[in-house]
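Both complexes below contain subunit A, partnered by subunit B and then by subunit C.
Right, the complex of A and B next:
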């Protein structure tokens, strides 16, 4: 059965536990990560003539890995078929032995999920913890989240919990139909709202 | 600039393959118009010049990938991956060019067979140019997936081909006996290609400038690309002027065609730099 992720944006505190658990479990080097947490902020402070400070500031976090998209941009462009979508689980992963290292998947993915690791000579990315999933377990990031902001399961089950695919800073879901269902916090914005900004660009890019 | 450095093998691949492939158009045109000695209908060893330019382009592309030995696996993606389609069409084209070079060097082609083969190569060059453009048909990178990218690549193939092909015609000692009409046709093709490539590249930079982004200053990227497009246009104009001089003034033909090729090559490299700078996705 096809799997999907659920992200409860109203619960996420941006603690990065999912990211660290993933790095630890997959033994990633210091400069590699399969999951990133975007800190999104908007609004401003102002002071009136009486010296009273008011603000419209908002902050929320978006924890994101590969979305194992229904219509993946990465597999469409991969010349060798190294980037594959499992027909059963829907999880998208790289076969390092088949990868040419052309970087087309890196260019095509609108979520920045794959990266070309020149030390191993092929692309690396979140594989949805496919080995754990095969054992009937949930991905390590999901299990690690102390706020239970992440979940993973049958697509219909996740869909029933998520309201929308679209949340800033992610691109429109129309491009790849991500298998990611989101419960938005009241402060979250969608479709690249002009007054939102990524507060931690040095960390995520 | 960092992006350009990482794309250098692709810049060289697309520029050299465009120039090498397109060269068969002037060669075909000359073979069809103006008569040729039946004993020496082809271009002899000079047929290896465009093949060598293409081959260098193909070698360059191997510096872009990390595991070149997996290259044959790319054929598995034909019909699905635009890159596989490009590799297949490019590989077939190179094989055809090699066959032509071998046959013509060995003197195995009659005048008619030579003519027909050259036209097949000229038509295939346009198809290869199109597939080089389509290789970047990545829906999540708007400027690259626009039809302008393919129009520009075909136009660069024709522009580069006119410059190299005309030089080969000259080196084969055929320019003096070439009717002026052939030269004028090539000049028209070069001018139209230059204008088309400039307009198409400008359209791509317009797409980039209009993209919303959380991280990229898309207006600044478009402005930087426009600088390269302006450089392309200037070098392209100089290349076309030299081409015109070599056609109109047979006494200055050789030097003018060499200069034309130099300017056009620089122009095409600049156009490809602009293209790779415009790799701005819909993400973030």
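Right, the complex of A and C next:
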């Protein structure tokens, strides 16, 4: 059965636990990560000439890994078939032995999920913890989240929990049809058409 | 890497069985107070084993680890998976998920060392354990012979909370056990976290009042029964991040439909997704806001006079004590401008101080007045300020004035229940200290510098009118509180240079911290993952639990268990038997566990716990001061009057007789005071207020040296664009931050999430300065900037009172 992720944006406090649990389990180096956490801000907190402060600030976080898209961009551009979507689970992973390290998938993915590991000479990415999933467990990030803001399971179950695929700063879901269902916080909803910006550019890589 | 997570068929079957039983017991865990027995089996492969352990640093949580171990090394860590995933699970935060990087850090102490350069130079030479213990024993004897046991001080250390380490209930601390056996030591009172709260709130709520237990304060979960929750500087999402901690309880509160208001100079992480909850306020001015709210409650007739006259002393003239009658010294006189400073505490008055628009203060007061069930609380940052004591109590006046205390859905305003009165297991017993003299913990530096001058009325010495001697022998265990976590690092350095003052310093720790650089002898300790360990749930987790940790790795180098080291020191004085009572470290754990089990027969046997690791169950929510509210005659408070003392005669007397620093104030009623380097103290040279916050990257200074965390949670000063733009500071720029006390370098984070006019630095970053050169701290440690100015009464930390200038470096 096809799998999908659920992300409860109304619970996420941007704590990075999912990201560091993933790095620990997959033994990634300091500068490698399969997950990103965006701190999103909009509005202003300002002091007027009388010294009085008012604010219009909105704050929310987006924590994502690979979205194991229904229509992945990465598999389409892969010249060797190293990047594959599992026909049963829908999880997208790369076969390091087949990968040439050409980097086409890195350029094609609108989420920045695959990255090129020059030390091993091939692309690396989130594989949805496929070994854990095969054992009946959830991905390490899901089981790590202290606020239970992440979930993973059958696509229909995740769809029932999340109303949206789209949240700033992610690209429109129409491009690759991500297997990601999101419950939006009030701030994420109200920021969609506003001036939300990535507030932690140095921490997302 | 891929191979290690592939299980054998046998392992796979066991794992599925574990999942099955976990689901089964989940039903039980949702029953309040019901018992929860953990899933028994954890999958093992032929190549790796899984070991239960626990995070034992001082965030307040004790999150649970399941270390996967292969070839004697932790290869990765999982967390609590017991019971229902939609209830309390002590899921480790980001820090715990880097545990293997921390335990295997290149900063680990491997061998005993002695200092060969000046204090603070970091020059050490490896020595043997024999030499270290001989030297220490000689120095202890010399100190006792020359100055008496009162010259020995054991600093507070919170990096190893276990039953045989340092315990936050202060009953089972290893160094204290050793030195009590050796004739005693100068004791400390309170803590760096909540020293003012512990030391000052008893004047209002009584000598035996504990602002943190489930008798004196409500649990966070009680706020689910409120319709309005008002928080001052409280963000569990920044301080209590584990999956069984306050942050999880706050999720449930929000789910319950309780409206939340968060008053904070920084839009904290608990506001995530709900920005409308945030009311920005200038640092150190919460007391002014609370006083203006009180004003509105009074003028709009929204105070509960019956409650105030029945349960309290000092609201108005009617309940003033005889000593203060007819002098316009009531709280109401203070608020209405008819007493004390003769200033009416209107919203317009508060607007200037707090920056909050007067109209918004009126709206806030109106919401408070109209709440059926009001839950008011504050984080611990308010009282960590030079004027934090009285400002903290000013916040408590909101539930007191409205009578929203001791009832369902309410709280005492001061903190939240963070401890259960009866933990499942205790800790190693601490013999009575033969020395009866004590000082507030933050006073140790003064006691080194001029201990002989310290008295009850100028330094809050208790147990004696004054100290007989300054501190001559200093012991630090599992703490970085000599420099890094203490106020004014440069001052500490200067005072410790004079080796005739404090003659000998021992640091017993796991990492080469900045504090260790001031040691004469350094001893390397084993970490929790390197031995058996036992601990209850933490004080930020409102459930009852116990974890038995089993060793996952061996301690590196010659690092070894502190217990064995102290036994050897005791042996030099012929006191080994007295110290050990004939038991080894692991035998003590078994004894302490079994003593707990005798009172809680549902706990698994000790042998069973070695496999199952964890036993825990949820607790029903609790209402602070409920017994007092139910029957104030039968259950009086431990104040002199038995009531809530809004006006404290004790404080009034101290205000008359104590010798306090210029600019400090002791007030008998809750009031707004600016304090040293507080509101109004900014200058042309130092035009910004500067405060600290607890940051996800570390717990105090623990985990601060893990580069995996630092890469995604950078050490940055938070500055509003209104302050950054004129200084031409952009995101990522390295800034120089100068205060009257020191200078740091730190990267800029330009953000609207902080109020203009104030800048904010995550506390606990490792100090990194050439102390014999320019002293500029490139580590960005907040305490380089902090002046050492203990609070007026409790004489505790003043952390959030700093003035500074920020420039592009």
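Worth a mention:
Keep this in mind: the second predicted complex is superposed on the first by the 192 of 205 C-alpha atoms of A that agree within 3 Å, B and C clash if a C-alpha of one lies under 4 Å from a C-alpha of the other, contacts with A are read in each partner's own complex, and residues count from 1 in each chain.
The working rule: a residue touches a chain if its C-beta (ideal position, glycine included) is under 8 Å from a C-beta of that chain, and two chains touch if they have at least 3 such contacts.
Here the structure is a predicted model, which means the values were calculated and not measured.
In the three-chain model built by superposing on subunit A, subunit B and subunit C fit together without any clash. In the superposed pair of complexes, A:81 makes contact with subunit B only, with no contact to subunit C. When the shared chain is aligned, subunit C comes close enough to touch A:43, but subunit B does not.
Contacts of A:144 after superposition on the shared chain: subunit C is touched, whereas subunit B is not. The partner that reaches more residues of subunit A, of the two candidates subunit B and subunit C, is C. Once chain A of one complex is fitted onto chain A of the other, the partner contacts of A:31 are limited to subunit C, with no touch recorded for subunit B. After overlaying the two complexes on the shared chain, residue contacts for A:201 are found with subunit B and with subunit C alike.
Panel annotation: after superposition on the shared chain A, the angle at the CA centre of subunit A between subunit B and subunit C (CA centres) reads 140 degrees, nearest 10. Annotation: superposed on chain A, subunit B and subunit C show a minimal Cα-Cα gap of 13 Å.
Residues 201, 205 of subunit A touch subunit B in one complex and subunit C in the other. Within the complex formed with subunit A, the subunit B residues making contact are 64-68, 70-71, 73-74, 76-77, 80-84, 87, 138-141, 212-215, 279, 281-284. For subunit C in complex with subunit A, the residues that touch the partner chain are 1-2, 5-7, 12, 15-16, 19, 75-79, 81, 85-86, 91-94, 97-98, 100-101, 237, 241-243, 245, 247-248, 251, 267, 269-276, 278, 280, 282, 351-352, 355-357, 360, 696, 707-709, 711-714, 720-722, 731-732, 747, 749, 751-757.
On subunit A, the positions that touch subunit B within their shared complex are 73, 76-82, 98-104, 107-112, 116, 118, 121-122, 168-172, 175-176, 192, 196-198, 201, 205.
On the side of subunit A, the complex with subunit C involves touching residues 9-17, 19-21, 23-27, 30-31, 33, 37, 41, 43-47, 51-55, 57-61, 131-132, 135-137, 140, 143-148, 185-188, 199-203, 205.
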